[in-house]
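Structures incoming, each one as structure tokens.
Two complexes come next, and they have one chain in common, chain A, joined by chain B in the first and chain C in the second.
Take a look at the complex of A and B:
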């Protein structure tokens, strides 16, 4: 029964026009990045220092670079849209009542929604990574993957690093989505959910800039984002990655808990 | 008017009651939406829930389905206490509450398939068949491939009904099912309710269309300002309403004085008068009139209609509160 509900949820999300448009937009990012660096390389014969230097002739870095960039805004936005449609959107259309009368218990409904969010996030991030690998290789070529530590990994090891990064980024995305679900359980207006989530992400990033607030930084989920790039080092230092993931895990638990509390007591 | 209201709820009954509420109360902030509702839905009955807009019909239904938590009171649905028993009994309950709710970007069929995926009583293999049958039953088979976004109000309503009928149900709850339907659609809904009744399902229909309820229901509950002001079998309620004689006569004054002398109560109405038949009979009234010199053109036995009963019940309540009944009556009888 629960697999059938999971399946229905994912199919429903995939059938939404906005999901397809969103996925299309996400896929464009690695293509545009690859293309941009390729043209920059043509013009200047070397590209900007640092970024360009790593990316030139190193197409395998494109997926990681793409996801790293998107994690700041684009992926939270997509997660918030899915979370918004999941509960607030269903309440708005009156379909939430239908599910509850079917009946789906409220806790299970939350897990179905969380599963849908996780499955679609994994799908979106994987899709971006795959397109990134293809576009990066096509535009920039590849000789394995050059790491931030200066070593070069062979293709197999590079793909493994990309897979690890996909999992880490997906987890961050799902955690943000879980908090968005808590907001989603409390309102009937999907836009409120998106606005609240995006405002939070942006405010967190701004707060992260002030060193006078550094006591606050360990609690901001956005503080963990930069540390994830450590997958590009050789060997991979795990402490920052672990901290980021642990922090996201806390957000996931708190978000899910709040969403459950709200959903259980909610009048529909 | 009902026989078993005094049965203790503490012994969850196996008696013929599909749903029962005791002392139901719901507050939204400082507003009391529903108060002291003791509703009884006999098994196999078609209960029409009547009431003006805002009388608490939908709130009561939402509490019955476990969508809303009552502030106070007890609910028993198909022999189980809510909310604890919800997961056991709700699969047997089909509902159309507060209008149909579907996703605009999916077709009618896809919407039903999604509903069906969450129906515990529907095995995966039967989903397709159940969906087609439900679409057929509400006359939507032709439009099933079209997006819900483009449906007319009546089609949306039909799809909502199809959702409630995906699985054979013990209880079907329909909140304003004929909203937005054309006369043909209304007749179809009546037919479906009759079919459900014949198949032994219990049906709860809320409506503000009195003719609708009179045509389809065996039982009636009248809600007004959040409380049940009357409930029971439709025929019993109507009989209790008493009867009268409508007399067409040009000699209203003569007729009235003749009746007054005979101690029969009457009042002018339209082209004649309306005579209460309490303690007297029609032949007696006509005899009195003729002897009094009033020419009787026509005399019709006035059967209390639901509309009148409803007006009286809600009016009485209004009078107690010293308020005008006009607004609510207008809202209720349209």
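Take a look at the complex of A and C:
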């Protein structure tokens, strides 16, 4: 029963043209990055500082670089669009009313929406990673995967790192989506959900720049993003990755809890 | 209806749990209960520290820097704040250090013969080989950095240099990186004219290896600087950690070539070289040791404009019977640069430097 609902939710999401256009846009990112680094040529070194500096001739890093960049704005934006469609969008079209009076529990309805969000996030992130591997290898070539620590991993290990990163990024995305779902449950206007989510993410990132506010930083989900780069160090230090994931987990709990409270108390 | 209330309560509990989790994550990790250890005399503990031979270990080192150094964009590692490094050693001289710097990383590996220094920011490997005559390779830069990151070595040096000039005591115990440790306290004797109030060294109760060093200055209760393990595992480490193969895409250079090329690029290197040109002269002993040098006039004029700007930005103009110059102050050290090229520095108040600078030849 519940699996059928999950399935139909994902099919329903995939049928929306904007979902497909969004996925297409996401897929362009690793291609553009690979092409850009390739045309920059050997002499220019790499791209931007950090991970970008080791991209040249190191195509397997493209998926990680792409996802790391996208996590700052692009992926939260996509998650907020899906969360906005999930509840606020349905409310706007009047279809949410039908779901709320139907003889299914509202908590289950929320979990179906959350599952749809998680499945689509995993799909989108995996798709970006796969295209990243292909584009990176095609444009930049590959000889295993060179880490930030200067070691070279073989292809199998490199793929494992990419898989780990995909899971970590997806989890961050779902956590942001859960908070967006809470907003989505409280409004009938999908645009409000997107605006609220993106404003929050941007404001968090700005606040993160002020060292005088460092007492606030551990509470911001965006604080956890940079630490995920540790996947590309060798051996992998787990503490920051773990902290980022726990931080996102707290947001997931808060978002899901608030969304559930709002849905339960909603008059049909 | 009742059912609805239960679900509502469960959802509310979820929100509260999430918020509480955020609070917990934001809280600094507690030090835990100090362990109970058998008494040990300060003298024997010092002796044990100096003779201890740390075996193989790997760990994470936290550097908490509140020295009051200006934040210079060119050298972010010096700015106040927390930095971490990971180090591994096999106990026989081979080691690896990983120094993250934002999203980049510097890795230093010494495999017994060669010191490799890798910097992901410029995709470059510096290879320093032990010279055939057996003398140490020119590993000043990378090794000095890696060594500074190792609290065990740093503490040993501090103890060795200052034990004669300090009152030494054991002040309770502490738990550092989940290991039981004695708190060894070195307090400069009253006759020492120094900015430093005390140095606290947490010494592992089993290995007698320093796990943490904290420097406290006059007038503050918070340490001005602290280097310590946040995590350590003692025992044989993966031998692969002590090998390094330069990545296929990386440039490999020698330290000499790199220095030559970097001289024009980074201003602080030029300043450093100007200071290293002369043999330093040492005045006094113990905590208030002052190191002096004279920068040759030509080197003074060779300091690149950026370096000069850097100096001007963070120093205060002073003058006295000794002449005039600029003084640079941090919580633990003072540097006085006279306009005629004399330089003196030490962990002392500026007055001591004014008194000493006349002796610089």
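We adopt the following convention: the second predicted complex is superposed on the first by the 256 of 268 C-alpha atoms of A that agree within 3 Å, B and C clash if a C-alpha of one lies under 4 Å from a C-alpha of the other, contacts with A are read in each partner's own complex, and residues count from 1 in each chain.
Just so we're on the same page, a contact is a pair of C-beta atoms (placed from the backbone, for glycine too) under 8 Å apart; a residue touches a chain by one contact, two chains touch by 3 or more.
Treat the numbers as computed from the prediction; the structure is a model and nothing was measured.
For the composite obtained by superposing both complexes on chain A, the positions of chain B and chain C are free of clash and fit together. In the superposed model, A:143 makes contact with chain C only, not with chain B. When the shared chain is aligned, chain C comes close enough to touch A:261, but chain B does not.
Of the two partner chains, chain B is the only one that A:101 touches; chain C does not reach it. In the superposed pair of complexes, A:241 makes contact with neither chain B nor chain C. Among chain B and chain C, the chain that touches a larger number of residues in chain A is C.
Legend: residue contacts after superposition of the two complexes on their common chain; A:135 is shown touching neither chain B nor chain C.
Of the two partner chains placed by superposition, A:88 touches none, neither chain B nor chain C.
The superposed three-chain arrangement places the nearest Cα atoms of chain B and chain C 5 Å from each other.
Chain A uses residues 105, 265 to touch chain B in one structure and chain C in the other.
Chain A meets chain B in the complex at residues 1, 4-5, 7-8, 12, 15-17, 93-105, 265, 267-268. Those residues of chain A whose C-beta lies close enough to touch chain C in the complex are 45-46, 49-51, 53-54, 56-58, 105, 107, 143, 146, 148-152, 211, 215, 218-219, 226, 229, 233, 235, 237, 239, 243, 246-247, 249-258, 260-261, 264-265. Residues of chain B that touch chain A in their complex: 62, 65-69, 86-87, 90-91, 93, 95, 97-106, 110, 113-115, 117-120, 124, 163. Taken together, the chain C residues at the contact with chain A in this complex read 4, 7-8, 10-19, 21-22, 25-26, 60, 81, 86, 98, 100, 102-105, 107, 116, 118, 120-123, 125, 231, 241, 244-250.
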